[in-house]
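Data first, discussion second: the structure below is written as structure tokens.
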Amino acid sequence: MSLPPPAALVDVERGTVDRRIFWERELYERELERIFARCWLFVAHESQLPEPGSFLTTTMGEDNVIVARGRDGVIRAFLNSCPHRGNRVCHAERGTARGFVCNYHGWSFGLDGALRGMHESGAYERTPGFDPAEHGLLQVAQIDAYKGFVFATFDAEAPPLADYLGDFRWYLDILLDNDDGGTEFVGGCIRSVIACNWKVAAENFAGDALHAGWTHDSGARAMGGASVPTLDGQESYQVNVNGHCWEFNLDLVGNAATFGDKRVTKNLRVREQELAERLGPLRARMIGAISSATVFPNMSFLPGQQTFRTWQPKGPHHTQLDTWVLVNRSLSDELKEAYRKGVMMTFSPSGVFEMDDGENWEYSTRSNAGVVTRAQKLHYGLGLDSRIEHPELKGNVFRSQLNDANARAFYARWTQLLEADSWAQVNDR
Amino acid sequence: MGAGERPVSAELAAAERFLFLEARLLDAERYDEWLALLTDDVHYWVPGVENRNRTDAEGPFAPGRMAHFDDGWTDLQRRIVRFTSETAWSENPPTRHVHVVSNVEVEPAEREDELLVHSLTVVHRGRYEASDEALYGRREDVLRRVEGELRLARRRVILAHNVLPSKNLNTFL
Amino acid sequence: MGAGERPVSAELAAAERFLFLEARLLDAERYDEWLALLTDDVHYWVPGVENRNRTDAEGPFAPGRMAHFDDGWTDLQRRIVRFTSETAWSENPPTRHVHVVSNVEVEPAEREDELLVHSLTVVHRGRYEASDEALYGRREDVLRRVEGELRLARRRVILAHNVLPSKNLNTFL
Amino acid sequence: MSLPPPAALVDVERGTVDRRIFWERELYERELERIFARCWLFVAHESQLPEPGSFLTTTMGEDNVIVARGRDGVIRAFLNSCPHRGNRVCHAERGTARGFVCNYHGWSFGLDGALRGMHESGAYERTPGFDPAEHGLLQVAQIDAYKGFVFATFDAEAPPLADYLGDFRWYLDILLDNDDGGTEFVGGCIRSVIACNWKVAAENFAGDALHAGWTHDSGARAMGGASVPTLDGQESYQVNVNGHCWEFNLDLVGNAATFGDKRVTKNLRVREQELAERLGPLRARMIGAISSATVFPNMSFLPGQQTFRTWQPKGPHHTQLDTWVLVNRSLSDELKEAYRKGVMMTFSPSGVFEMDDGENWEYSTRSNAGVVTRAQKLHYGLGLDSRIEHPELKGNVFRSQLNDANARAFYARWTQLLEADSWAQVNDR
Amino acid sequence: MGAGERPVSAELAAAERFLFLEARLLDAERYDEWLALLTDDVHYWVPGVENRNRTDAEGPFAPGRMAHFDDGWTDLQRRIVRFTSETAWSENPPTRHVHVVSNVEVEPAEREDELLVHSLTVVHRGRYEASDEALYGRREDVLRRVEGELRLARRRVILAHNVLPSKNLNTFL
Amino acid sequence: MSLPPPAALVDVERGTVDRRIFWERELYERELERIFARCWLFVAHESQLPEPGSFLTTTMGEDNVIVARGRDGVIRAFLNSCPHRGNRVCHAERGTARGFVCNYHGWSFGLDGALRGMHESGAYERTPGFDPAEHGLLQVAQIDAYKGFVFATFDAEAPPLADYLGDFRWYLDILLDNDDGGTEFVGGCIRSVIACNWKVAAENFAGDALHAGWTHDSGARAMGGASVPTLDGQESYQVNVNGHCWEFNLDLVGNAATFGDKRVTKNLRVREQELAERLGPLRARMIGAISSATVFPNMSFLPGQQTFRTWQPKGPHHTQLDTWVLVNRSLSDELKEAYRKGVMMTFSPSGVFEMDDGENWEYSTRSNAGVVTRAQKLHYGLGLDSRIEHPELKGNVFRSQLNDANARAFYARWTQLLEADSWAQVNDR
């Protein structure tokens, strides 16, 4: 197979995307190296690691990592693979530990990943040049947090997290900083596997307001007794920064209402004034509106429903979905419970909305098995001329959430990263 | 064998009849009849199963944690609205589910009018041209005698799966 | 539990004994004994299951359409001649089948001397060094009392599979 | 891996074939592009699409297509993949519809594949340059029928269907045109999966009379109470045209007799005189004889047993078998039923003949996993000198159906197509 | 149905109760309780199944050949020491086993106080994030009445697997 | 992917190994060609083929072969794939036969692999140039035995078996020639599949004494009631010859004791004097000691426990484990039974030792799915300076069995073979 360069696969001007980006293993492997081993990736919410010794395991690309809070309270991330013979050193997905001991030969590592001891250590002590300090679990290159959200990157040259997120932080604050108490994840994590390319899911949350009313009609009827209203004609936007994308209207509670739980929507309405003071009236009305977002490359969420999730790549045709629920710490237990149950009912694998997405994504991926099908370009041209200047909204702004603008921006960023030999060649956009 | 053997108890026989009928209704997507088998105060719970160390006090599952189902009657009824909506595009053509139920055991429950019933469930799924998914779980049910008929008052299904090997769960377990 | 409970009916017990014995005979390739469990007028039907929309009046299966089995006694007997022929090269070494039967339910049939029996079947296949195939199906049988013994008079198996995930079907379901 | 060119893999003169053609993914991908995306492929029998709105879905190579009869009565074929984001638009395998609506964003397409409407269409209407006429489901390049059999090709440069089939039509007429009423498929389709390379199956029907007596001895005993008679010494032939192959003797009812149903054979004997008048005495005796045929590349059938099937490629080591039953429309219901049941008993996945084939084909494929095994050539040398001129039989004619002549012709055609950059380089043969 | 039907025998009911309880104990890793269900002279046998031609007099399995289990009480007890050792690193986090038991049939055994019990077992395994293994086997057990309670005196499990599709077998079947 | 040459992947001097050798398919395919199609591979113990007509099937690399004893008593090995269309000709794993008949077209082969007859042979007889002598099952290039152990190679240029084993024979004699009666396998073969690269297992037996005390602590407690004693400080060694490796101490019964069966250890103690006379006192004390060994590339065993096994490659990430039990023929039936049961309890897939190994090996392999993880080197530096001269021990000798010396030698041999274009470029080491 001779693939054209990534830049020839995505045509932002005309709004087309080559189907091969959802199929070819060669491109997938390049993604692992140039996107997942290079970008800042979401690895944890600080609330998941409440105390020294708290840990969780996750993946960055297909690399398994441990994220742990040390005795010093510092959160670190390092490969979950023993430098001795490569065995996984932690098989639990989360918990509390004093360290990690490899099952194979008993090398033991601290909460900071450093090699702390070995079974039959005498034999190592007699080996000239053996220095335990050289044999810890490999640390990520950088780790940092933004208001509770911990990100890490394997690339020492990656820009600081603040720059990587750029003005998207202004949008993230809507969910992460609308209350003094900060946020937390409640209820743990549900994981499932979808036979789709990871980008199909990520782009959906980046900017696919269009599908909501159609795909999720049955879910909307089940939870609210009525179809999703038409989104056309409402004031709505797509915005993006560095490939991070948010699409939204300003109806305050459109997403939240899908729980069919009045307590949830009422809480938002009650808080509207307070929120407007904190965030300004515009961002305040985004808090639970019909909207969705993706932090490039693979972390997505739904404001209002408060489902946060990552799309973990598992080969070009499979994605693992890890899903959590974000709430304000200061929320009442009753409302936290309402969010937990609401997300479960709507956006877990058994959720009445989620289940329709997976079906679409699998066949959007699988169709590309055909060589003739794969040779066609897909249409990403909705709203080609919709870019606007906005007095308040940051980043690149487009009118109407019914738009492929965010998807185009997502793939433009994807292209840029795949083409670049290093971060030096990547500019903010 | 000696005397004094218990024959199959009427309770066990009734529980099996109940569970096999339930499975048949689910296979046939006869959701309204299925719903009628539940008590009004039913709690239907399929917690997410986490992969935790033995020493971890929090355990692999617990109330208040994420679940596939953590439903009351209204929640279940809502799911059925979705399943039976004509705009549930992904339910057409229909999924072919087979609900295998086995290892049924009956114990007295806390209430006189209830039975504690253990069983296993294997739910196989055929979808379009594919048919390669099966979920395994252990169930603990409470069946209650209501006006002479058994009704499901409580269900707990502990799946053998940590990462759900599927994009979704479009039936009951 | 209150009085008036039905214990396991003799019919259900007999049907289970019949079906489990049948499965054991099939696992052991005791085909002649298996054939003796059928009535002379047996109809053994495993229709192909098509993937059609809900609104499609023709339905996923129907008499007169293609089937894996749509057999009378003579047809079944012919298959057994094939299975037991010493020139059935591909049956040697033998396949290792496991016929799991579950969810047995009994209802009255139209005739007095017959029972309508629901059950599920999971047929697992091990062949040579491989053992990765399992077929799932829901069965509806009619068992008839013939000279004091139950015999299979009618079987219908609705598979959960649209594309059969296998090169062949070298047993009964 | 560096593979030699296709022409070096097949030696027609010496009668050898390189085992790698049954194993290597690189060759398989070339087949998808140069054979399946280029040849005329069987997609439907007209009887499967009886009325406007009738449709079915199938695959051409690994490309999923919809074949539908429009309101105008015309049968068309187009990709079953939405040009928007690529989702499959029709999940049913057959039925009746007024059109096809994509589950993801509600684009709806007519029975002719044209884009007919969109959910939230206002948003598209405001997008400059969006022309629905450009966004229909991609039509096949050509579609045509031969006496009820509908074929399609993705290649606009492919020769007309009549030329593609060439003189093979003279043979096809034996089954497709032996009665004024024409033919139909009865009973629908059984589909199954065999872990073999598609060519292993296609070549078997193309010319493997040799296996019948050995592989199917048990089936023959079950159905007829006796082994298949030796084929050697009987008058029999292999013929081929453009890679389409038919092997046969002249015993009139040899295949038909495998149903063990006297009504079927009697019907053929009764019709012999009438058939001779219509087809000539030679072709008349081919109608139910011990024989088999493959229309290049992947459609095969058994005269007499009337099983028609396609070998759908699913990767280099898997094949989906779709199987139908062909009968004359004018046949009595009783005899149609006899054919339906007969095919089921013999050549469905549970059929007493079919089940022995699959086993052989799987291990003929799987053996090639070994690098040393794969380096050996297979023997295709039977009947190397058997080519004859025949006063009546068309195409390339070889004496004795016990012959590898058809297999050699099949692979010669395969080589020619894999080597050719376009149809211009392919000549009739 | 006519008179004279046997209802479910007390023996069958007791055998099912025994086997389902056993499965539940194994799923829950309640190994000490499981061990208490065995007789002191138990023979627990899961022979390796070889892929041999029908005409081969040696057969697919036989005593004295390699086996997955060919255990007496002490052997089983040793395995349990391993399973429950805190240094059984690979048992932590725990495996999620589901022991499906079906097709239970009872016959008289040679001894008066024993039952010959046929059943099928499907053992599904979830490990860490994976859950894609299932073993199928046919069992022939001898249950013995000891001080009024059934105990497992002999078990033979014939797997449908020739090459075990797994790295290990860390439960009982 | 552009992989560096094998020699760049293994650094014997510094004691590092590149993780890609456990993951990349490209390297795996090179292994099949340059290691498995070239080296002498264990295919049978003579006792498995007791009489003319005895046969078994096994794999050499991924090539399926039949090993059979002919009427002349000679053991031969040939491909289990028909030269006609490639079908497997023998589906049984062992048994007794008069020959092998292909199910597809009935070609029949003798116990020597020669083509002996064909179904419809008349047709072949009339084909000019068809010579049955050219169409037998392909013989291995060389086959030979060392004291009951039969090895074969596909490479005609491979050195004689005696040279291939070299001085490692002196060690093999400890198990193969400690008694006049010779040895036999008892009880047949258990086969299972481990999701690990084959080398992970082979290197473990080659020299990984280090893992024993840690990984197998639970097994040791179960069988012996106590942990494995520390190995450090005991007199112990690693030795290797041409990549064949043995690590051991001199405790006579350390491995044997894991059966928890006094009869087994007592037998060894009783024989110690006799063994010392036959093998010398040093080798006598190796007979059941804590030790393990690998004959390059993929046959391993445990002295004392007497488990013999091969690691059959099934793709880069899967290995089939075939396991047998070796005993002296002259042993009492009671003791043979004790060995059979002891191996089952300890080193079958349900064995209390084996089950912990598989877990480690799978995750040592699977971790390398991560591109960042895979870019790290593994540590093989234990005992870098431990090479010694020894007055008695043959081959390359290293002090202390707690050592990576054998693993380094294993991978040095691996590198040498992967780099070499032919055996001429491979020297003894």
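So that you can tell them apart, the chains are marked A, B, C, D, E and F in the order they are listed, and the count of residues begins at 1 in each.
The rule is short, and it goes like this: a contact is a pair of C-beta atoms (placed from the backbone, for glycine too) under 8 Å apart; a residue touches a chain by one contact, two chains touch by 3 or more.
Since the model is a prediction, treat every value here as computed from it, not as a measurement.
Among the remaining chains, those touching subunit B as well as subunit F are A, C, D, E. In this assembly, the chain whose C-alpha centre lies farthest from subunit E is D. Of all residue numbers used where subunit A meets subunit F, under half belong to both copies. The two sides are thus made of different residues. Compared with subunit C, the chain whose C-alpha mean position is the greatest distance off is A. Spacing of subunit B relative to subunit E, judged by their CA centroids, is 26 angstrom. Chain centres here are Cα averages; for subunit A and subunit B they lie 32 Å apart. Centroids built from CA atoms put subunit D at 47 Å from subunit A.
Across the assembly, subunit B contributes 7-8, 12, 51-53, 89-93, 100, 102, 122, 128-129, 134, 162-163, 165 as residues in contact with two or more other chains.
Listed for subunit F are residues 91-93, 103, 191, 215, 356, 359-360, each touching two or more other chains. Remark: the chains found to touch one another pair up as A-B, A-D, A-E, A-F, B-C, B-D, B-E, C-D, C-E, C-F, D-F, E-F. Those residues of subunit C that touch subunit D in the shared complex are 46, 48, 50-53, 56, 58, 64-71, 75, 78-79, 81-82, 85, 87-91, 162-170.
The touching residues of subunit F, when paired with subunit A in their complex, are 1, 19, 22, 200, 208, 210-211, 213-215, 230-233, 356, 359-360, 363-373, 376, 378-379, 381-386, 400, 402-403.
Contacts from subunit D toward subunit C in the complex involve residues 91-97, 187-196, 215, 217-219, 221-223, 227, 260, 320, 323-325, 337, 340-341, 343-345, 348-350, 352, 354-356, 358-362. Interface residues of subunit B, counted against subunit E in their complex, comprise 1-2, 4-8, 12, 49, 51-54, 60, 100, 102-105, 118, 120, 122, 134, 136-138, 159-163, 165. By the touch criterion stated above, subunit A contacts subunit F in their complex at residues 29, 32-33, 36-37, 59-64, 79-88, 91, 103-106, 119-120, 122-124, 127-130, 135, 138, 154.
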